[in-house]
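Common to both upcoming complexes is subunit A, partnered first by subunit B, then by subunit C.
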Partner chain A sequence: MGENREIQKGVWEGRIPVAFRLSEEDTDGERPEPVYLMVPRISYFPLHTEKINKHFLKYASEKESEEIWLEHDNQPLKWHYPVGLLFDLYGSETSLPWTITVHFKDFPEEELLHCVSKDAVESHFMSSIKEADSLKHRGQVINSMQKRDHKQLWTGLLHDKFDQFWSVNKKLMESSGDETFKYIPYRLYMVDRHYMTNLFRPLTEEGHHQSLKHLLLSAVPQFFNEDEEFQKHVRIHGTEPLLDTPILWLSENFSFPDNFLHLVISDK
Partner chain B sequence: MSDDGNESRDSKNTETEEKSTPASPSHVAETKIDVLLKPAGDAPIMKKKKWAVDRNKRIGWVGEFIKKYLKLTAQDSLFLYVNQSFAPTPDTEIGSIFDCFGSDGKLVLHYCKTQAWG
Partner chain C sequence: MAAGSISEDEYWDSIIFFLTLSSKIDSKWTIVDTKDGRRFAKKTEVFILSTENKESTMNDDVIRNTELMEEQEEDTAAFQVRGNSDVEVVTYEYHILYSPSYGVPVLYFNAHTQGGKLLALEEVWKRVPDVYKERLSEERWTFITQQEHPLLGRPFYYLHPCHTADLMKNSPVLTDKRHYIVSWLSAVGPVVGLKLPLEYGKLCVS
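Our next item is the complex of A and B:
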C-alpha cells in the first residue's frame, strides 16, 4: 500500500509549465506579457484560469464576451479534458513551457462546450466518477457514499489536497479478493478523432491478470504487427507505462481523479 | 447493424472473444443503434420513444433533437442520463456509450428538464 501511495502521489503532483498569451485578434493595442503558471496535470483548466481571465480582460478590445477559451497551435482545448491529457495529446516535452493562446472572441461552438462556472466542472467531474463506478462496481460504491464524501472528492481536487481526495477515493479503488473491478474505465485518445472505449475485464475467466497490452490488442489491433509488437506509443501522465503492466494495477494507481485511465496513442 | 454491440452485453464471453471481430472506424460510423428515450421528473412523454441513431452522433445532438420534438425553447434546459445515474458530456458519441452501457441491443436514455440525478 505504502509503495502505491508514493506512485499515486507522484501522479497527483505532476505539473506542466504553461505560458498563457492573449490572442492577437483580441487586442488592438498593447499585447500583454504572457502569464506563466504551473498547472496540475490531473486538474482542469477552468480551475486555474480565473485570474488569467480577469487579467487579460483588461486588454481585450471587445468586452461583449467575458468567457475565455483556450487554444494551442490552432487546436481548441476542451476544458472538460484533464490538463495532462490535453498536453499528452497536443503538447510536447521538447517545447516547454506549453504555449496556450487565450481567446475571448470567436468561440468555436462546434468544437468546445461552454464552461459557465466551476459548478460545470464539478458536475462533469462527479458524473465521470459515477460513470467509472458504473463500470467498476455497477455504481454500488459511489451510490452507497454520503453526499459529504462526494463533496470531499471534489474539494480535494479543487484545493489540491491529496490526502483529502484519496481518503474517499480509496473506497472507489479498492478491490479485495474476488471482488475486483468488473470493467476497467478507460479511454483511448488519438489526435483528430473521438476517443475509443469499450468493456474490458481486468481478469480472464481463469483469473489471469490482463495487461495494458491485452487492452490495446482488443481495442486497437491494427496498431500491432504480426509479432504482436505495438507499433505506436501509449502515454499517460507524461510517461509510457510498460505494456506488461497489469491493467487492474494501472486502473487503481494511474487513473485520473475522475477514475478513468485517459491513454493517449501517438506515433512518437 | 450494431453486430458487435448486441452480443457483448449480457454474454459471459471473455474479452478476447468479444473483440475478435473489431469494427473499423468507417464501418462503425455507418451503423445505427436503437435508443430508447424515457422521460424523468416532469418531462413530457414522447409519442415515439425508440429511435435509430447513428453511432457517431453526439449526446448533445440527441438533446437538441428531443427539444425540437417536444417543442421546447432554446432556453429550456434538457439533461440526459445513462443508467439513471450519470450525464455524459454533450460531445460524447452515442456509440461509445452504447458499447459500455447498452443492454438487449439498445441504449436507454432518460431525459428531464431539471437535474434529476447527482
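Our next item is the complex of A and C:
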C-alpha cells in the first residue's frame, strides 16, 4: 500500500458539517435549535442520527414514533447512499453547514427504503460488497472469507476504524498480474434520475489501462463534444479526479467502503 | 461465464421463450419498457389473505384464495360479507430483471394492500412458506430485503441473487439454455408466493 494508504486514509477521514433541523410540520409549538454534527462522508446517515432522532422526538408532535427520514431542499435523502455521495449530488452548491431537515411524519414510501434498524444498513452494505466482488473477482474473494472477516468489514465502518476495515478490505482490493479486476464496480449519479452502471473492464484486450475518461465515454457518450471533451463535471469524495486517471487505480483507492465508485455527474 | 450464470443475450432468449410459454398458458407475464429504454418482465397477482390468522403463510393463503374464489362464484353476496370481515386483498407485483454483476436473473416484487399500503418487510418475511423458514430465521437479512429497483429507482423487495448461480449450477442439467428462466423461477418463486403452473415444465419438455 505505502503511499496509497495516505490516500485511502484521506478518503476515509472526509467529514461533512451538517445542521439537522426538525421539520416545522413535526412541531406543535417550540421548534428546537438545530443539532450540529460532523458526519463521515463514507458512512451512512442511520449510523449517526440515532441521538439526534431521540433528541428531536421530545419536541415532535407525533409521540408515536413514526419512522424518521431526512430531506434537503425538498429532496428526500436515500439513507442507503453514502453521506458523501448524497452531499456531492444534492449539497455541493449550498453553503456549509449542510442543512438537513428531520421528519417523523409522512414517510415517502415510494422513494425511500425503510430502515427499521442498523441491521438494514449492514445488510445493504454487505450486499454491495458482495456485488462488487462478483464484478471484480466473480465473488471468489468474498466467498472464501470467513464470517468473522465479513463482520470486521462492517464493524470497521460502524465504529470508524480504518485499520480494522482495511486489514480485510485489502484482500478485496488485490489486483495483480492476471488477477486484475474483471469489471469495475461503479455507479454514475445525476440529479433527477436514477443511477447508471454497466460492465466495464479496467484493461483493454491488449492490456492497456483504461482511464476514467474511457469509462465515461462508454457510459455517457452524450456528454462529450466532437473533440471528445467532457462537457460535464464528475465528482467523488468532493473532488474532481483527473479524467486521465487509470480507472483501476481509482477503483482500488477511491471506492467507498462498499467497494463501489459512486461518481456524481453535474453541470457545475 | 461462471457455472450456473448466463450472459445477458442468453437471458433475453430465455425470457422471450418464457413469455411465449406464458402466452400459451396464462398470459400473465408482460414486458415493460422504461422511459430510458430498459426492459423487464412483469406479472401482477391478487391474493386474498386471511386476517384471522396473521401468521398464515403464502401456502395457506393460496389455498384460501382458491376456496374463496369458488365460493364467490356460488354466492357473490356471501363472499362480499366475508370479504369485508376477515380477509385482506393483497396485490403482488413481480418483476424479473437481469443482474449484469451476478450474471443471473433477479426477482423483485412489491405487495400492496387494497388501501394502497406497502406490506412491511416483517409481513413479507412472515408470509414465507414454512419450508423456507429455517433459512429465513438464520439469514433473513441476506435473503429477502428492500432495495432500490435498478431500473425504476423505487423501493422494491428482492430475493438476494448471491446464491442463484450456485442454485442453478446444482439444478438438473439444462439441455436448452432457453429453459433457464422456467427452471430458476420454479425454484425461487414459491418463496414469495409465485408458483409456476406445471404446464410450464411440460411445455419445456415437449
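Throughout what follows, the second predicted complex is superposed on the first by the 264 of 268 C-alpha atoms of A that agree within 3 Å, B and C clash if a C-alpha of one lies under 4 Å from a C-alpha of the other, contacts with A are read in each partner's own complex, and residues count from 1 in each chain.
Everything that follows uses one rule, which is that a residue touches a chain if its C-beta (ideal position, glycine included) is under 8 Å from a C-beta of that chain, and two chains touch if they have at least 3 such contacts.
All values derive from a computational prediction rather than experimental measurement.
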Combined model on subunit A: subunit C and subunit B, fit or clash: clash
Touching partner for A:Lys161 - first (subunit B), second (subunit C), both, neither: neither
Contacts of A:Lys78 with subunit B and subunit C, given as first, second, both or neither: both
Touching partner for A:Gln210 - first (subunit B), second (subunit C), both, neither: first
Partner chain in contact with A:Arg15 - subunit B first, subunit C second, else both or neither: neither
Partner chain in contact with A:Asp119 - subunit B first, subunit C second, else both or neither: second
First (subunit B), second (subunit C), both or neither touched by A:Arg5: neither
Touching partner for A:Asn198 - first (subunit B), second (subunit C), both, neither: both
Which superposed partner A:Lys170 touches (first subunit B, second subunit C, both, neither): neither
First (subunit B), second (subunit C), both or neither touched by A:Ser134: both
Region of subunit C that runs into subunit B when the structures are aligned on their shared chain, from 6-14, 78-86 or 168-176: 6-14
Footprint overlap on subunit A, comparing subunit B with subunit C: 78, 80, 113, 123-124, 126-127, 130-131, 134-135, 139, 183, 193-195, 197-199
Interfacial residue positions of subunit B with respect to subunit A in the complex: 8, 12, 14-16, 18-19, 22, 24-25, 56, 82-83, 85-91, 93, 96, 99-101, 115, 118
Contact footprint of subunit B on subunit A as seen in their complex: 78, 80, 113, 123-124, 126-128, 130-131, 134-135, 139, 143, 183, 193-201, 204-205, 210, 214, 218-219, 221-222
Complex contact set, residues of subunit A against subunit C: 78, 80, 109-114, 116, 119-120, 122-124, 126-127, 130-132, 134-135, 138-139, 183, 185, 193-195, 197-199
Residues of subunit C defined as touching subunit A within the complex: 2, 36, 100-102, 118, 120-121, 141-142, 145-148, 150-155, 160, 162
